Structures are given as C-alpha cells and as structure tokens.
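First chain written, first letter: the chains are A, B and C, and each begins at residue 1.
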Amino acid sequence: MPATGGLVRPGRRAAADAGRIQLRGIAQVALSASPWTGLLFTVALFADGWRIGLYGLLGAAASTVAASVLGADRNGLAKGLEGYCGCLTGISIVVRFGASWRTALVAVLAGAVCSVLGAAAGRLLGRIGLPALTAPFCLVAGVLAIALPTAPAAAAPPAAGDGVTRLSAAELGHAFCDNVGQVFFLDRWYAGLILLLGLLVASRVAAAAAACGSVVAIAAACAMGLPADRISAGLYGYNAVLVAIALAATFLTLTAWTAGYAVLAALASVPFTAAWQAFAQPSGGSPFTWPFVVTTWLFLAAAPALDRPGLSFEKAK
Amino acid sequence: MPATGGLVRPGRRAAADAGRIQLRGIAQVALSASPWTGLLFTVALFADGWRIGLYGLLGAAASTVAASVLGADRNGLAKGLEGYCGCLTGISIVVRFGASWRTALVAVLAGAVCSVLGAAAGRLLGRIGLPALTAPFCLVAGVLAIALPTAPAAAAPPAAGDGVTRLSAAELGHAFCDNVGQVFFLDRWYAGLILLLGLLVASRVAAAAAACGSVVAIAAACAMGLPADRISAGLYGYNAVLVAIALAATFLTLTAWTAGYAVLAALASVPFTAAWQAFAQPSGGSPFTWPFVVTTWLFLAAAPALDRPGLSFEKAK
Amino acid sequence: MPATGGLVRPGRRAAADAGRIQLRGIAQVALSASPWTGLLFTVALFADGWRIGLYGLLGAAASTVAASVLGADRNGLAKGLEGYCGCLTGISIVVRFGASWRTALVAVLAGAVCSVLGAAAGRLLGRIGLPALTAPFCLVAGVLAIALPTAPAAAAPPAAGDGVTRLSAAELGHAFCDNVGQVFFLDRWYAGLILLLGLLVASRVAAAAAACGSVVAIAAACAMGLPADRISAGLYGYNAVLVAIALAATFLTLTAWTAGYAVLAALASVPFTAAWQAFAQPSGGSPFTWPFVVTTWLFLAAAPALDRPGLSFEKAK
C-alpha cells in the first residue's frame, strides 16, 4: 500500500516504497521496523552532524541496493533488514576517516559487503535460531578500523579504578542520553533523546527497555570504577541499551523473568564492553557493537534451556 | 537417596543433597561426578589457601543456585554440571583481585552469568555433539581479567629459547604436581598431589591419564625450550592434564589408539598454551583453560571421522 | 590404475600411487586435484629454495601418512585432501625457524595435528556445507608462530597512507607474480609464474581467476595507500588469488554474476589481510591464509541465499 493516499503514479509509488525501506533500514539498527522510528533516527543523525546523517543514508542505501541487485530475500528487504548494517558502517567510516569522495566510495563498497555478510549470517545463524543482529557491521567496520589506522594507537587502555566512580548530575544526564546516542556513534545528549523518542513512537516497551538498559549500564560502570569521562560519553552503555531492547522488547516475551534476565545480560555487557575496548585499543580497533551481539546471542541461545515463563523464544524468527 | 543412612528429616535430606551437588560441582572441574573427589578437591583448595577454598565454594554455590532459579535442567544440576564453571570463576577472581565484599559480589554475579553461558553452550554445542567443558568459565574470567586490569601489563612475553630446557629433580617434581594444581590455580605441590588423590578415588584411569598428561607436557615444554621457572610452576601443563583426562578417561573408550590420540592432543596443547599466554599477556589476559577446551573440542570432533577402535565417541552425550 | 602403462609390479604400483597422492596434496593448496599441477608446484617450491621444497614435501607426506594411520576417509586421501595443510605448515616452519632436525620433527608432528584438525573441520563444517580450506594449516602455523617467537615483535604495524600508492612497472610485475607465489610463502617472481603455469595445466579458468585476483588485489592495495614494498612482495594479494580461485573456478559455477561476486570477495580480502597483519604483528603472528578462509566461507555461505545464476553452490560438497 502506498504511504500517501489517493491516486499515485507507479513511479511515485516506487519512490515511496524505496523511502520507506530506507527509513526502516535505519530503524532496524534498534530492532524496529517502523518508518516513523527511522525518520526520527534520521533526524537524530542530522542533529548530531550533517555528515553523519549523509553517510548513514548513503550506507543504508548502498547495502539495500546491493542486496536487491544480488537477489536477496525480498521479505527481509522490505522490512529494512538489509539497511541497518550499511547505515552503521557508513557512519563509522565518516566518524573515523572524515567525509570525502574516497570515503564515500569505501562506504558504498563496505555497504555491499555488508549485504553479502548479512546473507551469510542469516544462513549460518538461522540454523541455530539466532538473528544476525549487527554482526556484519561489526566485522566490516572492525576490519576497516584496523586496516586503515588514522593515528598512533593509544598506549594505555583505560583502567578500572579501585573505588566506585561518582558522577555529577550533569555527567549522569549525559551518560543516560549518550548511552543511547552511541548506538549510532552520536555524542550529543539531544541526539540520544531524539533516538529515545524514535523508539517510543514504535514501542513503549522498547523505549523503556532502552532507558532501563542505560541506567543499569551506568550503575555497573560506576561500581566497576571505570573513568567518569568515558562513562558520561556513553562508551560503556550503548551495548547494554541494545541488549535490553533485544531481550526485553524484541526476541523474548516480556515477563518478570525475562525482565530480570535482560537486566543480568545488560549488566554482563558492561565489563564485556570494557574488556573489548582494552583488548582492541592497541591495534586501533574498537568493540563496535560486538558485546551486544555476543551477549544477546548467548542469552538467546540459553533461553529455551531454561524453564521459566517468557524464556522460550519461539516468538523470534 | 540420602547420603546418611537411617531416619533423616526432609530438611536434613535436602541439605545433604545440596552438599552432594556442591561437591560434585567441584569434582566436575576435572570431569568427575563423584562427591568424594569433590571433597578431596575442596581439601586441596583450602590446603593452598583458605580464601581460595572459600571463593571456590562461593562461586560453585552461586552458579548452582542461579541455574536452579533460572530453571535449568535438573539432571545436569544433580550431577554438578552447573557448579564447576562458577567454582573456577570464583577462584580466578580471588587469585587476581583478592578477597573483599566487592569481589565476593563479583564472584556471585559472575557465577550467575556462568550458569546462563552453560545453558547456551549446552544448546549450541549439543547440536554438534560436543560438551561445553570449561568454556563459560574461560569467557567470564577472561572478560573480567581484561576489563579490570590489576597492574601494568608485562611488556615481554616469555620467549621460547633456542635449546632444550633442563630441569633439576626438584623442578621436575614441582612441575609434575603443579601441572595438576594449576587446573584450580593452585601453586603448592601438595595441593596438586591431593587433587591427584581426589581423581584416584573416582577413577584409576582418570588419575593415570592426568599423570601421563603432566609428564607429556613437561617433555614438550622442555623440548620447546620454554622457561624453566614457568614450566615448574605448572603454567604450560594444566591444559595437557585436562586434555588427557577428557580424551583418555571421559569421552572416548580407552584403547591403544585413543591413548596415542590423547598423547598427540596433550602434546599439541603445550604450544597452544604458550601461544595463548604470549597473545593474551599484553592486554592483561590469560589463556585460562581455553587451550584445553579448544583442543578437546577439535580432537573429539575429529574422532568419529577416524576409523580406529575407540575413536567413535558415541559414549559421550 | 597405474600411472605408468604396461606390466608393473604391485610395489611399484603402490609407490606410483603414493607419489600421485603426494603431488595431489601439493596441488590442493590451490584447490586442484591434478598431479601435474602438483608437479609444477613442487618445481616452483624448489625453484624458490631447496629447503622450502623439502619441507613442503615432508609436511605433505607427514600429514598424509598420519591421516592414513588414523584411518581417515580413503577417498579424500586419494584426492590429496590430507596433504595440502601439512605442506603449507612444513613450509611455514622452515621459512620462520630454518632447517634442522628439530624443525623437521616439529614439521612432522605439526603435519599429524593438521590431519586431525582436517578431520574435525570436515565434520564441523560439513554440516553447514562449507569446505575446510586451509583452516587447519592456519591454526597450527599460527600457534607455532606465536608460541616460538624468533625475534622481538615489530613495534609499528604498517600503516595505510593518505594518498594512493603508485608502483613502477617492475614493482607491478613483482606484485602480480608474488601475489601468486606468497600462497606458498615464495618471494621470487619466477616461482609465482611457475605456480600460475601449474594452475593453467589443470584448468584455464583457475589460472585466469588467479591472475584476475592478483590484479584486483594490486588495485585495491594501491587505492588504500598501502606501502609499495609490501604490495610488490605480494603480502596483500595472496588471499585474493585464493579467494578468486575458490569462488570463480572451484565452488561456484562461473557466470557473469559469480565473476562479479568473486571480484567483490577478492576486493574485500585485501583490507581484511591488512587488518589481520596489523592485528597479529605485535604478538609475532601472521594472518597466513585466514583472510582467504574466512572470506570464502562467508561468501559461500551467503551464495544460496542470493537468487542469481551460478550462486546456488550445490556443485560443491
């Protein structure tokens, strides 16, 4: 059905379809298929910087077009499942290497590779009932970050301190918003809030899960004594936000049990993120959203073996 | 059946059951389900240091209780299969971070995560007929070790020398015992001997396999020219001990073929351990028992493709 | 059937069979089963250095004999599938550690481990329809390279520059040949040409794919601004050569679609190789042919999900 009512010409209908797929591709970064969510996410990207918005759109379009050309599953394409990894890859490229014709070409090629890796992940993980999540993006972005170093790698990984980290109210607020914003590499607090609003438009449960994930991550990072500036920049919490959305609002049926299960997973993702950062830093790498991907895979894989309401995970596909 | 004969009240029976499961959880570190083995293992832990004994018991209890609360398989629970990863994780935490309320809380939470990862590993690996082994412990302990560095990482990995390493008789004796002891992070020779005794109580084959694995590892490490102090501290041999128990005494039927197969696997685990140590050291990590886990998985996966007596591996579940 | 016609005694026939299997084992490094290809490959090895030729033959023989002793599949044995990983492992040992009785023993034991890992890879990957490729070699050679460091690890990984790399005609020629030669660790241009000739003897498509893969890799490495001396030494292109042979000439039916698909995969393998080199360098490791293995696995796994002529991949086993 066309997005605009009334009489539309086929060309305009196709354009509307393409636009909807594009917006859904951006929404799928946070596991939503709503074009309205995608629209607000796009607004958040441009609010953080026009280059980020542009490369996000470019990457999503590149991987969607490549998937279409290669004959990928039409159904997943229409839901935006071929766009989100390209979108994140495009943003990761402009954030690290800047905007130029050369990086735009890299973003297009990387988006095309994302669509192949998405198909591979779908087949390999589909057998064991797990979703691909953002694994293709993490692989492509990680390879580019290590292959094309931009600066001498920092020598000392950020160490956890002995005591508990204390944050001011401003730092707390920044941390809460930036934990959401860093899902898209955004570091302005209002961009994080617009993303949260975008989640709310599609699902109150998803928005609540994201907010709770952010709070759990702040508590865990402070208890671990991680550096305050990195906590308030959202660097330890974006994986927890995604884990909470995936477990509590997307793949499992929400019960008190799955809520507690999601809290445990979000907690676990914080030291996982800190460890991955420390491990990847010497080679110029970054965890990207690997901690989210691996934590969610493991907790989803475990769920059917646990005999508690909501953990059966037959809902997901 | 109650462990103590005669008339027992239900509460006492439940306590006896819980105690038996706890001891079995500790015995399962060396792939045994005997509570007597677990009792001797616990004695060895306390002989090395009361903190190690305490955190071992705490970790095993935490992961067993978490598995029970989450509704994990009752059958595996009764065999102690939900305890061993938590036990090792607890010990790894106290050895690295010391004993305090904070590390005790970390041990409890880490034990809970171990029970989820155990369920995930069971489902993912069960499809391909492989056991989880200590993979959940290795993942959790590795993340904590890298996320919470305690000291500046050592710069130079221990290098293998050009010649063969020669050990004194005392060093040889230490290496033999500590190869067993380091399975539980123990570095006193008598603790290793008590562990070996614990194995002997349950199965003469397992004790003999452990002893042979230790000898093979010493020979391999000396032939590779690895540093004498690290060989005698058992740092290259604990994986070989576990590999030998797993292949020769647990998952394959013992024949001359499987004995030779286990020797090859134990041999292979020594450079694997040395490589993992060198690789993990700069980021403050440790191989833990990953080399045992991966070597055992690969040799078990290969076994049914090899047409020799004992290598069919249908015995295992 | 005997390779030499007429009346042959059984012993001579067995020797001829063993020789043919040995040559096929060396040919399988480039996914060919032709003994003539293997013969030319052996010539190339000796042309680069007699030690390399010797250790290549030794490693291939060791893993083939070990596989035969362990009762591996006779069919794969006859096709040389048990030889190629041992061959590469033997060469990697002599190139890094030199020729001596000690390294010869390591090559024999490593070849035996390769045959077990080959059986494991066959069973684990066979379920999901993927070939083992050179994964056993990469694992064994990687463990040895990190466990037995020969020199202090280089501090700075080779960085990609800002501009495009320009090569002289001589560098271009070297790069083209060495991209093929480095599949076997060879760094003389004529050795690479003999390898290409060996491919041509068995299949014109395979030789053309290798040549195209080499050209694509040079273009990609230059566009990325990678160092000219490493490009012309073939260090960024050997994975692209293997990827092109695997996708365009071995596992997929050649169509315009699969040719384009193979070009994309070969392109992707270049930053993957550069990233793996930068990542592995601090610990003394090397990517070996992991980038080829992982890229080919992912592109083969994706193929059946893509609805285009030639991508169905039912031809492979």
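Basically, contacts are C-beta pairs under 8 Å (C-beta built on N, C-alpha and C of every residue); 3 or more make two chains touch, one makes a residue touch a chain.
Bear in mind the structure is a predicted one, so any value in this text is a computation, not a measurement.
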| item | value |
| --- | --- |
| Classification of the chain A:chain C interface as same or different, half of numbers criterion | different |
| Angle of rotation relating chain B to chain C [CA atoms, steps of 5 degrees] | 120 |
| Centroid spacing, where centroids are CA-atom means, of chain A and chain C in whole angstrom | 36 |
| Residues of chain A engaged with two or more neighbouring chains | 282 |
| Parts of chain A lying in touch with chain C, wherever the complex brings them together | 70-73, 109, 112-113, 116-120, 122-124, 127, 142-149, 282-285 |
| Chain A-touching residues of chain C, taken from the complex the two chains share | 128, 157, 159-160, 224, 261, 264-265, 267-268, 271-272, 274-275, 278-279, 282, 297-299, 301-302, 304-308, 311 |
